[in-house]
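So that you can tell them apart, the chains are marked A, B, C and D in the order they are listed, and the count of residues begins at 1 in each.
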Amino acid sequence: MSNVYGTLFKISTFGESHGPAIGVVIDGCPPGLAIDEAFIQSELDRRKPGQSKITTQRKEDDVFKILSGVFEGQSTGTPIALVIENQDQRSKDYSHIAETFRPSHADYTYEAKYGVRDYRGGGRSSARETAARVAAGAIAKLLLKKHNVEINAFVSQVGDLAAPHYTTLDLSKTEDNIVRCPDPSTAERMIALIDQVRLDRDTIGGVVTCVIKNTPVGLGEPVFDKLHAELGKAMLGINAVKGFEYGSGFEGVKLRGSQHNDEFYNDEGRIRTKTNFSGGVQGGISNGEDIYFNVAFKPVATIMQDQSTVDKHGNETTVSGKGRHDPCVVPRAVPIVEAMAALVLADFLLRDKTTK
Amino acid sequence: MSNVYGTLFKISTFGESHGPAIGVVIDGCPPGLAIDEAFIQSELDRRKPGQSKITTQRKEDDVFKILSGVFEGQSTGTPIALVIENQDQRSKDYSHIAETFRPSHADYTYEAKYGVRDYRGGGRSSARETAARVAAGAIAKLLLKKHNVEINAFVSQVGDLAAPHYTTLDLSKTEDNIVRCPDPSTAERMIALIDQVRLDRDTIGGVVTCVIKNTPVGLGEPVFDKLHAELGKAMLGINAVKGFEYGSGFEGVKLRGSQHNDEFYNDEGRIRTKTNFSGGVQGGISNGEDIYFNVAFKPVATIMQDQSTVDKHGNETTVSGKGRHDPCVVPRAVPIVEAMAALVLADFLLRDKTTK
Amino acid sequence: MSNVYGTLFKISTFGESHGPAIGVVIDGCPPGLAIDEAFIQSELDRRKPGQSKITTQRKEDDVFKILSGVFEGQSTGTPIALVIENQDQRSKDYSHIAETFRPSHADYTYEAKYGVRDYRGGGRSSARETAARVAAGAIAKLLLKKHNVEINAFVSQVGDLAAPHYTTLDLSKTEDNIVRCPDPSTAERMIALIDQVRLDRDTIGGVVTCVIKNTPVGLGEPVFDKLHAELGKAMLGINAVKGFEYGSGFEGVKLRGSQHNDEFYNDEGRIRTKTNFSGGVQGGISNGEDIYFNVAFKPVATIMQDQSTVDKHGNETTVSGKGRHDPCVVPRAVPIVEAMAALVLADFLLRDKTTK
Amino acid sequence: MSNVYGTLFKISTFGESHGPAIGVVIDGCPPGLAIDEAFIQSELDRRKPGQSKITTQRKEDDVFKILSGVFEGQSTGTPIALVIENQDQRSKDYSHIAETFRPSHADYTYEAKYGVRDYRGGGRSSARETAARVAAGAIAKLLLKKHNVEINAFVSQVGDLAAPHYTTLDLSKTEDNIVRCPDPSTAERMIALIDQVRLDRDTIGGVVTCVIKNTPVGLGEPVFDKLHAELGKAMLGINAVKGFEYGSGFEGVKLRGSQHNDEFYNDEGRIRTKTNFSGGVQGGISNGEDIYFNVAFKPVATIMQDQSTVDKHGNETTVSGKGRHDPCVVPRAVPIVEAMAALVLADFLLRDKTTK
C-alpha cells in the first residue's frame, strides 16, 4: 500500500529485481502531450548500469515498452503503462542471501514485516525499481517542458570532496563526465576517489544537488503538502537517501534573520527576491526563484568484504557482496533525483489548476 | 487540498491565526482509547506562546474543547474534533501588512496563488496552526503509549551552539530548562545567545533532534512511503523547517560502506545491530533500533528591523516586525516535532495491521 | 476512516447526535467564492426537524457558525470549518437503548465493529450528521451556481403513490408543499398517507428524484469514478437509502437497444441527443443533457410499536420507539440529496480542470 | 485520475481495447496468500468473448501473465502486476467510427473531455478493460476464501423475464447453462429471448443479482464509505450499469417500518435477524446475514442497425454496428459483478483490521 505516488499525476510502480519485469502505470497525465519515446529511453540510459568504470559492470539495457495510454504519439488522458523486461535474471548469484540478512540492506526488515520475500537481488527493495520512476519522470519532464520548467541535478559531493555552490557552475556540463559533476576539476578528483574505493572493495556516499528553474509562482500547497515537503518525501523515498535540505538548509540555522531574509524588489514588473536563502519556496509555495536542494546518499551497503550478520534462524554468520555493484551510487542517482523532482512538480502543476 | 494528513490515522486541520478558532478532525483513531484530556492540554502548554523570556510574550492559553468522537472518556472510532478558540484577535497590529509582503514570509506566495488571503497574523500560514497538530499528536501519542513507543525531541543546536550526540544525553532532562536542551551547559549558552539575539531585535535558527524508542519491527512501507520519507515530509511541513536527516544523515556521505554498515548480531534471541547509522530504519521499515533524526529550522522571518520589500501593487517600500514574536523558534518547536512524529508512527502502526 | 468524502472538493464531517456539536471541514474550495451565509442557513432550514406536521416535532434550529476559511465574505482557499452546536441534548430519552439493539438500526453493527458507541440518539449513525453535509453542500452549490449548474430534487414517490415523470413537472413548485412533491394532487395524497402512517405509529418509505441541469460536457471520470458511480455512492451513503438508478434505470433493462439508444443530432451547433435514456451521462462522463436519478429510501426504522430484539448480552427483549421521529424521511431528504449531488459535481468540476 | 480503485486493497487498471495489452496492478494484497493461477484463468474464461451462441463470436483467449509480486506461488506483499496481451487487434473494423459518435457510447463524451481518443474498439471505454478487474477480483476472491466468504452472482432478469427470489434458488447451478441463471426454466426462456434479439440485429438489457455469504460482522465503514455505498459505486462503475439496489431495494419503499424492520433474535449465541430486508448491511456495516443486491444493465449500445448520429465536425450522418458484439451483456457480466464485489469486500476486510 505504498507503491502509489502522487495526487493527480499519480504513478504506481511494480516489479522485483529478478522477476519477469518492472514497470509503472501513470494515471492522470493530461491528454494531448507528445510522448517522445527517444527521450524516455535516453533518461533510462542515464540510470542504467554498466555506463562507465565507476558504476556497476552489470549489463542491462532497460528497454521500455508502452502498453497503453498513447495513441498516434500523444497521451490520451488514460493510464500510461510502461514495462521494462528484466533481462539479466541470473538468480544463482543470490543463493547466499536467501536466508542471510545483509547488513544495512532491507532483508531483515522485509522478512520481519512480510514473513516472505523475493530475496533475489533484493527483490522489491532493489534500486532496479527506480528505473520505473525514471521512465515515469521522463513523461513528467515532457509535461514540464511545455511549461518551460527545467530540472537539472548533478553530483555535488563524493565523500568529503565537494563542488562549489551551484550558482557558480555551468550546469550544462553535468553530462560531460562520468561522475556527473559540472565542475571539471572536482569531477576528476571524485572519479579518482571512487576508483580507489572500488579497488578497496568498499563503497562511499555522496550528495546530489538539484536545481529547478522557471517554476511558475504559486505551485505547492500550504500546510502538509508544502512544495519542499513533497520534494523531501520524494527524495527520501529513493534508495540509500539519508537527508534532504533546500535553500539555506542545515547551514541556514546558523544565520540570523537579518542575514537570512530574502528582501523583495520589483524587477521590471516582476516581484523577485534579492537573495534566495528560501530556495524558491515560501510558505510551501514556489515564488518563481530557483528551487534548489541537496540529497544525501549513504555509501552503498553491498561491499566486497566479509561482514558479521545473522541468518533468518538467528544464527550468527558472515556475508560478503558478490557480483557487480556500484562503489558509489550518486552518478546514477542524478536522473532518479530529477525524475522524482519532475513527478512532484507535475503533480503540483495539476493541483494548482484546481485553485483557479 | 493539502490540509489533510495521514492515510489511516488521518487528520484535517483548519483555522487562521485571527479567525474565530483553529482546530483539527482526527479520522481513524481506533476505538477504546482512553483520551487523557489533561495530557492533551499539557502538550498544548509546551507549545503555547508566553512560556518564558526567550519565547514571544504574546499570551494565548490554547484551551481546547472536544466536540466529538469521545464518549465516557474513550474514543469511539468516530472522528474526534478538537477546537481551540482564538482569544487574542487584535487585528489592529496587522494593518501594516495588509498590502505589504513581509520578506521570507508566505504573504507574496499566498497572494499569487489564491488572489485573496487573510493577512491578519499570517492567517493560515501562521505557526498558530501547529497547535491543532499538537492536539492531534497528543492523541497519537496516547495510542503509541499503549504500544510502549516513546518519542522525545529536544533542542540540539541554536545558531552554531550544538549539543553532544543524543546517545550521551539524559533525555528526561529536556524539560528542565526553557530552551529544552537536555545538556545543562549547552542549554545555558543557548539561552544567553537567544537573549542577545532578542536584544539585537533579530532572530536565529536551530536544530531539533528527535529520538523514538521501542518502535516495533516492521513499521513503514517500502518504496514511496518509507518510514523516514513520511517523517521527512511531516517535519518539512512544519513552518520554518529547511532540512531533515536521519541516522548518519549528511555526515554519513563521507563514510565508507565498511564503516557505515550496521552489522547484525543475536542479542539473546532478538536480532539487533551493533551500530545504528541506519537510524532505526532499513529499506524504509523500522528495525527496532532507536529512530533518530534532525530537523533544521531557519531564523524566524519576523525581525524588529526595517527591511526592503514591495507591496501588492509592486511599489517598493519597507516593513518592520511589530508586536511580540519569537527570537528563536526551536524551544516551542520541540512539541510540534514530537506531535508530527507521533502522527506518522500512529499511521504506520495502523497500516502495518493490514499486512498481517 | 470513512468520514472524508471527495477527491479535490474534500469534506470531513464529525459529530454525534448528542455530543457538543456536529460540523464539517471543507478542504479544496477554490478561493474567491462569495460565501452567502443566508443561503447556507436556508438550506439547513429545509433539512431541520420540526418543519411541518409530517416531520418529527423535535425542535432544533441548526444554526451554523463558520470557524475558518472565509475572510471578508470570500473563501480564501483554506479549509472552511462549519460547526452546528447541538441544542437538544436530552439524553434521558435514550436510556432504553443503551444496551438494546433497535431493529434495522446501526446499534448492533456499531457495537460489533467498535466495541464501544455513543448510543444517545444513535450517536454517529444519527441522520443528524447529514446537517453537516447540507452545510457543505450549500457551499458546493454556490460554486456550481457560478457555472450555471442547477440541482433540483423532489419527492417522486411515497409508499406506492408516485408522481409523473419529471419532464412533465414544474420543479419550481417543489417547495410549495410540505412533502416537497411538485405535483399538487400527488402531494396532497402523499401528505394524507404520511399522516395516516403517523397515526398508525408506523413509518413508510419513498423515492427522491434529482434533476441536474446545465452540467458542462465532460464532467466525470471514466472507469471507476464515473459521474453516475460517484453520484450512486454519494446517495447510498445517505442514511436509509436502499437503491440508486439513473436515466432509464431498472426499467431500462426491459428495452431493446434500438429503443434505448439516444441518437445524436446537431442542435444549431451544439451536439445533443434526441432522447435521454442515458440520463445525461455516457461512459461515465456528462454529455450536457439533464442528469436525473432516483434514490430509494426505506421506511424509518424507529416505529412507535413494540418489536422483538436482543440486548448486548444476547438476552431477547422488546423495544419501542420513544420521543419524536419522522414517519417518512423523504421530505427532509430532498435537501440532503441535493447537497450530496452538489458535492459530487463540485468535485468533478475541479477534477476536470486537471485534464485541460 | 480515475483508474485506481480501493483504499487498502488498491487496484490500478490500464489498457485500451486495441493497444498492445491491458492489465492491472494490485497494491496492498497481504503477503503469504497462495496465488492459484488456474483459478484466475478460470475466472477470466467466464468473462471472455466467444463462450456461447448468445455472446459475441469474437475470439480472445485472455491469457494473463504475472509480472511481479508473487514468489514461489505466494504473494509477497509487493504489487502484483498482471498483463493480458491483446491478440485480436484488427483495427480495420473501426475506421467507420474514427470520426463518428456512436449513439449511447462514450465516443462523444471522451472526445469532448480529452480532445483526443483511441477510437479503435472504444479504446479505454471498451468493456475489454473489465478483464483486468476480473483478474484482480480473482485474487481478492482468494483472499476472501481464506475468510470463508462466498460470492455468487447470477442472471436474474433478461428483458422482462425474471427469475424467482434468490432464496428459492440453488446458486450452485448458475454455471450449468450459458445464460448463467440458476433457474432452469427461466434460463431456457432467457436464452431463447436473447437468440431472437440477436436475429433481430438488436440488443436487450438485464439484471445481475449477487449474493455474498459468510461475511464477518463488522465490515464496512459508516458515513460515506458504507459497505453498500462502495458496492454501489463498484457496480455502477461497470460498463452499461444503470442501477443498483440492495436488500429490499426500490420495492422496499412501499413497505411500512413494521413490515420492513428486521427483528433480532439469539440463534444459539449468535445474534441474527428473523428477516433480511436490510440485505446484510445495517448502518453501512455488515451484520452477518446474506448480503444481496441487484445490478441493472442497459441493452448493449452497439446494434446492427442504422442509427442517426453526428460526426466530430457536427455533420449529421448514420452509423451501424459492425463486427461481432454481444446481444445481451449480462451472461458475461456475472464474473465482473463478482470480481468487483470481491474487491470491495477485500478492501473492507483490510480496513476493518485498523479498528481493532
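List of remarks:
In the analysis below, a contact is a pair of C-beta atoms (placed from the backbone, for glycine too) under 8 Å apart; a residue touches a chain by one contact, two chains touch by 3 or more.
This one's a predicted model, so the numbers in the text were calculated from it and none came from an experiment.
Contact with subunit B and subunit C alike is made by A, D. Taking B-D and A-D together, the pair of chains sharing more C-beta contacts is A-D. Overlaying the C-alpha trace of subunit A on that of subunit B calls for a turn of 180°, given as a multiple of 5. Spacing of subunit A relative to subunit B, judged by their CA centroids, is 26 angstrom. Rounded to a whole number, the gap between the C-alpha centres of subunit B and subunit D is 46 angstrom.
Each chain gets one centre point, the mean of its Cα atoms, and the points for subunit A and subunit D are 39 Å apart. Along subunit A, residues 1-4, 8, 13, 28, 31, 77-78, 113-114, 124, 222, 351, 354-355 each make contact with two or more other chains. Taken as a contact graph, the chains are fully connected, with every chain touching every other chain. Contacts from subunit A toward subunit C in the complex involve residues 8, 28, 30-31, 77-78, 222, 350-351, 353-356. On the side of subunit B, the complex with subunit C involves touching residues 1-4, 8, 10, 12-16, 19-23, 25, 27-28, 31-32, 65-69, 71, 74-81, 83, 113-118, 123-124. Interface of subunit B with subunit A (complex): residues 1-5, 7, 13, 101, 103-106, 108-110, 112-114, 124-125, 129, 157-160, 197, 200, 202-207, 217-218, 220-226, 228-230, 232-234, 236-237, 242-250, 252-266, 269, 271, 273-274, 277-279, 282-287, 294, 296-303, 305, 307-310, 314-316, 351-352, 354-355.
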